[in-house]
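Naming follows writing order (A, B and C), and every chain is counted from residue 1.
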């Protein structure tokens, strides 16, 4: 027993070293274009972690994570735009000139501060999520109603950002690749390399954070909400509070993810808040394995990479493949790839690698013989 | 005379004009074990729903330890010290037995406290103790969903006790259990009375008889009569209610 | 007066498009508890059916009847969407009853496939596919029952499907050669030209009522009446309601619940096709035409209360009128001298997209007070 435990510890350590080495080495090995793609997909893994927390663990299928993703992106982009606008006439970002806006709208002001921006990137989406969640959960709206309402909320935000040229450049979005940060251009290869490392680091931190949330009683309460909410209520827990908190956390993660994605893709626009994109996030988690945090990360990176490869080769076929994936994963593979691996044959190997949580199964033999209650 | 632990005053519940409970009055004394029986549709489950806050009474009041429970949400009522066991066993099937009990004994049940720090020694002892009582010690690492029906019933009772409520509401605890298990459950509930106040709802007359407690008969949303099992069985009204539809007792 | 009339008409017009689109959804969601995100794509198929029908009616042989093509298109669209819907129910949704979130995801996948299908497959092939499905679904009912029994039955079924496939291939080929435009795949939007009698408008009381809008209102009206009659008065309608209320009991009473599922889903999908005809009269038809309606439809169903047709009707008209009131900034013309801050607020929301923002926000606020919509389902069964 002790031997295998020690072996596992070594293996875990080895795995970490390999991962860290890969992260550090990637920018020097991969071409700039591929590195940029990988960085973007890694940042999407963070929003996928959030989706996994609320859907995989808590059973709330949000189709509106794009709101929080985009909000994070806008926060980052607003700071970057302001940061590089000082030498421009009026001292405000260029696009305002197109619409004859002379003064910076009031809500832009705080984004002059890097500290405020760093906090707003996760706090603002988190707070919006908390408010939205509280309104919905308070009325015990759940299941598909929750999904529909989050989708409607997504549409509200999309229309708002899309329609407000004078405030936020409307449908054109905010560009970040030609903006300045620390005196360097955000789109430059060296900055992109830093962003890649930052993303990788934040993915690991977000994973550790999510693991901390789900591994003990808080996580068990979430599972309880998913499986039997009334039971939990009669046990003395307030599901509304827990749901609001976890929805806010998922929103915050989405915000961070959106900010990282924005700086690596060079633009944030209302396209981040379209309906398909938010549902896509769910399929990453579903394919990877809902209720397994690593599944969410692997699913996000893998599906997006597959998407870019397929789209390069056969542009028309990706929609078919994606549609098929939705149907397949729901009907044939409800636990996702990782969940399937956990419950099937290769489980032992994986749990030894520390990826999967070993699941105890029910042995058919009666191990404690005669049933009795010890008074 | 001491204050009753729980008091239902003129409680009526109407679903779209259909009265599930009509002007129900009931008192539970501290430490009492009480059985509630009644034919199908007598309002037994609605009666529990009203106490635990799942259903709001159309009229009347529910007083627990001298305070009204009206308008409180379910989890508040649970925290005041009322635990409920559902008709069919409801445990968290994707958590293991130990985790189920850990959720029940955790105090306070606030998010932050659950995130930082684990169970304290006292709570761990309590879980051990409960596992012993319901004989699930050897199963503590197993998913609750993998337990047998009877074991789930017992796990849910253990969770209920783990909440440390003053009042336990137990809805059909022996449905689907073997005779032997039924007897053991009756003994368990009897042993809980005294420290706790226990209210048991069931159809199974053998089981009720074994509880050896005062019985309240509900019929059409109202208390038909109260008393010891022997006198109840001789009551002509009870006989009429049951014999009118004799097949229901066997359900 | 004219202003109010115009406002009311526009509101009802917007509302009736919403209503006819949401009607099928309300049936499928309300009666079966199925969230069908591909509903918009079934509408899209209905719109394309209109387009195909119109092209066929442009053929010399049918040219004299061109003015009547809309009526034929309604039938064709109903059948096409119903057939695709039934295929969807049989193949995917049936496996997912009781798990609405999974259904939601699977039907989203279906909607992606359908969208890409009309982009990359020639419409004639699509029509052929639907045709063969239709023949395949119907033929077991036309053949004598005896033939379908026993070991011979399997062979007969296979033969009938082979025959259907043949019909489909012939149909596709024929359509493709007759109307060359249908033989090529195109991702571009297409336009349905209205017949001459549908152009222009009717002037009444100083207000112009565009005829396509009136036609849509009439279609909606007939659809609502028809479906109300069907559900409440016909035998199959009664069976549908019985299965909704108690599935296992209906099974015991000898109702074939599987058939009821197929029928319910087929009718809901068929109504989406009818909605597609309506939508095609308003603007150009493209692969995304349905997607823009789907969220609005769901809001109608949620606002109206699930499983309540009256609620669906009221909800669509109130959303329609609200959208028009806000989107066209009508409050300003009704009350020209309102205080400036209010006026600028009204002005701020006076675009189609901002009106949507406000209407959805208002719905969410409304749900705070009535979480189950205008007409909630009542009783103790709700939470069971």
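Basically, a residue touches a chain if its C-beta (ideal position, glycine included) is under 8 Å from a C-beta of that chain, and two chains touch if they have at least 3 such contacts.
Please read these numbers as outputs of a predicted model, since none were measured by experiment.
Relative to chain C, the most remote chain by averaged C-alpha coordinates is B. Measuring from the average of all protein CA coordinates, the nearest chain centre is that of A.
Remark: chain B and chain C have CA centroids separated by 49 Å (rounded to whole angstrom). In terms of their C-alpha centroids, the spacing between chain A and chain B amounts to 42 Å. Centre-to-centre spacing of chain A and chain C amounts to 34 Å, using the average Cα coordinate of each chain.
In chain B, there is no position where the chain touches two or more neighbouring chains simultaneously. Taken together, the chain A residues at the contact with chain C in this complex read 61, 135, 138-141, 143-145, 147-149, 151-153, 155-156, 159-160, 162-163, 275-276, 279, 282-283, 286, 316, 319-320, 322-327, 329-331, 334. Those residues of chain B that touch chain A in the shared complex are 52, 54, 73-75, 78-79, 83-84, 86, 90-96, 99, 102-104, 106, 109, 111, 114-115, 118-119, 132-135, 138-139, 141-143, 146-147, 150, 154, 159, 163, 180-181, 184-185, 187-188, 191.
Taken in their complex, chain C has these residues touching chain A: 35, 92, 95-96, 100-106, 108-113, 115-116, 119-120, 291, 295, 298-299, 302, 351, 353-354, 356-357, 360-361, 363-364, 367-368, 371. The residues of chain A lying in touch with chain B in their complex are 212-213, 216-218, 220-221, 223-224, 226-228, 230-239, 241-242, 245, 359-362, 367-368, 371-375.
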